[in-house]
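You will see two complexes here that share chain A, one where it goes with chain B and one where it goes with chain C.
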Partner chain A sequence: MSFNSLPFIVFFVVFFFLYWFIFHRNLKFQNLLILAGSYFFYCWWDWHFLFLLILNSSLNYALGYYMAKATNQRTKSILLYIGVLAGVGSLVYFKYTNFFITSFISAFEKIHIIINIHTINIALPLGISFYTFRTLSYLFDINKEKFKPTSDIVVFFSFVAFFPCLLAGPIDKAQTLIPQLLKKREFNYEKAVDAMRQILYGLFKKIVIADNLAQVTNNIFDNYHHLPGSTLALGVFYYSIEMYTDFSGYSDMAIGFARLIGFDITKNFNFPFFSQSIAEYWRKWHMSLTKWLTEYLFTPLSIALRDYGKMGLILAIIINLTVIGIWHGANWTFVLFGLLHGIYFIPLILKGTMNKNKKIDPDKLLPSFSEFVNMLKTFILVNFAFIFFRSDTVSQAFSIIRRICSISLIQFPQNSKPYFIPVIIVFLLVEWIQRNKQHVLQIENIKQGSLRWGIYFVLFVTILIFVSAGDQTNNGFIYVKF
Partner chain B sequence: MKKFLTKIAAFTLLTTALFLIPFFYFPNLMYQNSILAELPDKHKMLAQSTSPKIIFIGGSNVSMGLNSEKIADTYHLPVVNTSIALWLGLKFMVNDVKPYIKKGDIVVISGEYNCYDESLNEAGFEGYEALLTVVFNIFPPGKSYIDNKQWIHLAKFIPHYVISAIRYSLLNNDSERLTVESAKKEFNKYGDLYTHWKQPKIPFKPEEKCMGNEKLNPDVIPLLKKFNNYVLSKGATLVLIPPPLQDSSYQNQYYVINKIESQLKNSGLPFIAKTSRYELNDKYFNDLGYHLTKAGVDIRTDLVIEDLSKVITAAKTRK
Partner chain C sequence: MEKDEILKKVNDIFIDILDNKDIVLTYNTTANDVEDWDSLNHIQLVVAIEKQFKIRFTSQEIQRWNNVGEMLNSIMTKIT
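Take a look at the complex of A and B:
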């Protein structure tokens, strides 16, 4: 039941009416409905791992409850360790066991020792990376007394399973979501209209741009052996746009659906392709994950390593970015993706410009030449790292890089549907013009209602036509796999 | 809330009207380029054939992959190949032949594996946009056996159907507008699509997967069981045989295919051959993992003749 599917629309319409018309007088009932709806949503995808979600919620609820009651820090720390061990342990087991086994086998194979161990048939529970991080942040914040745990079990379970963010984020902290779950929600017309706009734009990005680009990029990456460097370079560029439109489209929809039921959840993207440095890019790309890791991994690490000066900071950044990489999946390609981004930070750290935000004047129609060059440099670096992200193996990634760096880069690209290029340029231009808004469809400055409606209408009709003309494959969201 | 809901309703109504008005107004002439135009003739063939006869049902693997004349000569029975394309969906294909099934008939279903699929939006089972074209332009009585679930499924194709209908209605380029006659000329008197037999092969990639989530559509077995009961009630015989599949496509999907095979067999349906029997060398395929060349058609036809021999003997004995 993907956000872009008919079953979800039916589910959400029913949910919306029950939520605002039947259960609106009683907060407890509304929260119960959120919990029931979230579990129903999860089971529609895969009911097999619902027990794990409930187990995770139960354990963390209990740990949070007893941590708050604990009178000494030692007990608190023990309870925290149990939570971290259980959370990280389940993540490692479900996500990385086979990765460790295969890496272990191939390491020994390199020295001609054959180890007779087999991989295990483990299915990855949906959303585990997201809800585990949510519950971990809950425990960390209780431990640091930044947040008092809730005793309302329905509220806590709803926080963990909140369906708009359950499968692919944004990764909201307890401080963001739990207070909203404890407070009576009122329907707000302005918010609801804005939410609809954001959902519409998210759908447009996913269905019209990402899904169409996916067909080209899949073809290019599947046949990289036979294609010239120019096609591969274009494929990498397309993939960057596909990733952005797919994931930010999902996040827009998640935020929109949450707003329709009265919740404000964390923004996940802030026009990252207009960043002037890699540090700025990571402040604007998958923001909820970056913030989470900055708070709970990077900051403690950089404090621990502060005696080593810039080297300590570099190490902390590299570890942080490598964790971001491997969080995406059990493959060396993701490790290298993260590592590469970590390496990109080194010049910024050495120059002392990592935390400097070169803001572009919001009223400027066009960037200055140097701003444009900075954006372009950052974009190229990001694109380069995406080669590792998209490749199935490290050798495939290097093979693609070799081809891109060959003379075939100047050949005319093949099978790459070049008509996407003007479409992407127009898309990026619109994003640039609206870069100071929360999302692109915040167009209330257009005074003529008919023009606004015309824009919504054109977008919606385009979405319907593309849905209708699709190749009938289920175009799932990329990040749901993580 | 009232204002919000009113606006949403207005927006939805406006969009629905935008598509529904041209949907009912413009005929979709796109079918004139298509083999779909053959459907009424296939009905005529069924109506004119005497029983006992052999009826073949399936997607393009059957329409493009069978030498019905050879089967007719072998068994001295009339053969009607009712197949056109997977686009019509297994549900429609099965319901479409029901009125013509008579005592002693042998009904053979050879659906592509996508027909049994739960994912891929169930289109191989419920039908694609082509089915809308068929029931609104070519064979309107077909609407009567489309159920509500199928209508809901087909509704999502309306926007694209409308765009192509408008495009073809407004297009005045004669070269784009082939006649129904030219589309029909591609079939022989048994209903086999044969013009590609003489055409050169077109390079293609093997099929990666026939089923997105490796799950059998839960509606498939009930539909086929119901159909089997109907066939038996008419004194006829139903058999299911696997479609021919290119070796490398088969290898990519053998796990799922074996699963389908065992599920169909375990349900008690007369699935009479092993799927691997119809796994043929890549060289016998024309432009898709299911589309046979002439040499492939001959091999497949011989396999079908062998597989049907027991069934036909049994049917004759019963008679």
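Take a look at the complex of A and C:
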């Protein structure tokens, strides 16, 4: 039941009706409906791991409750360690067991020792990376006395399973979501209309851009050993745009659906491809994950390493970015993806320009030449790292890089549907013009209502055309599998 | 040293590290109120404050501050 599927639309319409017209008078019933709806949504995907979601919620509810009651720091810390061990332990078990086994075997193979261990068949529970991070932040904040736990069990369970962001984020902290669950929500027409616009734009990015690009990039990456460097370079460029439109499209929809039921959840993207440095890029790409790791991993690490000056900061950044890479999955390609991004930070830290303000004037129609060059440089670095992210194996990634760096880079690209290039350029131009808005379809500055409606209509019809023409069997969101 | 005097010194550190002359801190200022004061440069601010006042914070202390006022209280308890 993906956001871009008919069952979800039916589910959401029924949910919306019950939420605002039947249960709106009673907050407890409304929250119960969120919880029931979230579990229904989860079971539609896969009911097998619902027990794990409930177990995770129960354990963290109890830990939070007793942590707040604990009179000494020692008890609090023990409860926190139990929570971290259970959360990280289940993540490691479900996501990384086979990775450790195969890495272990191949490490010994290198020194000619054959070890006979079999990998085990473990299915990945949906959303585990996202809801585990949500509950961990809850415990960390209680420990730091930054958040008082709720005793309302329905509210807490709804926070963990909140369906708009259950499967692929944004990773909201308890401080964002729980106070909103405890307070009566009022239907706001203006907000609901704006949410619909955001969902429409998210759908457009996913169905019209990401899904179409996916067909080309899958073809290019599957047949990389037959293709010239030029095609592969174009494939990498397409993949960056695909990733962005897929994941930011998903996030726009998640935020939009949450807003339709009266919630403001964390923003996940802020036009990252217009960043002028890699530090700025990470402040604007998958923002909820970056903020999470910055707060709970990078900050304690950088505090602990602060006596080592810039070297300490570099080490903290490299560990942080490598963990971001590994978070995506159990593959050395993700490790290298994260490590590479960590390395990109080194010149910024050495030059001390990591925090220097380089904001582009919001009223400026075009960037200056140097701003444009900085954006281009950052974009190329991001594209290069995506080669590792997209490749199935490290050797595939290096093989693609070798081909891109060969003379075949100047050949005419094959099978790469070049008509996507002008479409992407127009898309990026529109994003640039709207870069100071919460989302691109905030077009209230267009005074003629007929023109605004014309734009919505064109987007809607284009989506419908691609839905009816496209292959709908294999168009899940990339981040749902993380 | 008075709390206001410490605030002034801390304000100067912020201006220097965050490269922004317009920063005016109050006791209630939080990271959300100051542009570019994020976790990435938070540690550079902490190190600069520790150097200026010749003090040492614990990791727990640093992570518990909710606003500038609480940070100043930590400094006060260490220098008096």
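The rule is short, and it goes like this: the second predicted complex is superposed on the first by the 481 of 482 C-alpha atoms of A that agree within 3 Å, B and C clash if a C-alpha of one lies under 4 Å from a C-alpha of the other, contacts with A are read in each partner's own complex, and residues count from 1 in each chain.
Here is the rule we use: a residue touches a chain if its C-beta (ideal position, glycine included) is under 8 Å from a C-beta of that chain, and two chains touch if they have at least 3 such contacts.
Everything numeric in this text was worked out from a predicted model, so none of it was measured.
> Look at A:294 in the shared chain and tell me whether it touches chain B only, chain C only, both, or neither; answer first, second, both or neither.
second
> Output check: A:151 vs chain B and chain C. Expected answer is one of first, second, both, neither. What do you get?
After superposition on chain A, A:151 lies in contact with neither partner.
> Using the superposition on chain A described above, determine whether A:187 touches chain B (first), chain C (second), both, or neither.
Touch partner of A:187: chain B, not chain C.
> Contact-wise, after the overlay, does A:302 reach chain B, chain C, both or neither (first, second, both, neither)?
Second partner only.
> Between chain B and chain C, whom does A:106 touch in the aligned arrangement: first, second, both, or neither?
neither
> Identify the partner contact of A:279: answer first if only chain B is touched, second if only chain C is, both if each is, neither if none is.
After superposition on chain A, A:279 lies in contact with chain C alone.
> Please identify the positions on chain A that touch both chain B and chain C, taking each partner from its own complex.
Shared contact residues on chain A: none.
> Which residues of chain A touch chain B in their complex?
Touching chain B from chain A are residues 6, 20, 187, 189, 192-193, 196, 453, 456-457, 460-461, 464-465, 467-469, 472-474.
> Show me the residue ranges of chain B that touch chain A in the complex, using the header's touch definition.
It is residues 1, 3-4, 7-8, 11, 14-15, 18-19, 119-121, 123, 128-129, 152, 156-161, 163, 212-213 of chain B that touch chain A.
> Please output the residues of chain A touching chain C within their complex, sorted ascending.
Counting only chain A, the residues touching chain C are 144-146, 279, 283, 291, 294-295, 298-300, 302-304, 306, 313, 354-357.
> Help me check something: in the complex, which residues belonging to chain C touch chain A?
17-20, 35-36, 38-44, 46-47, 59-60, 62-64, 66
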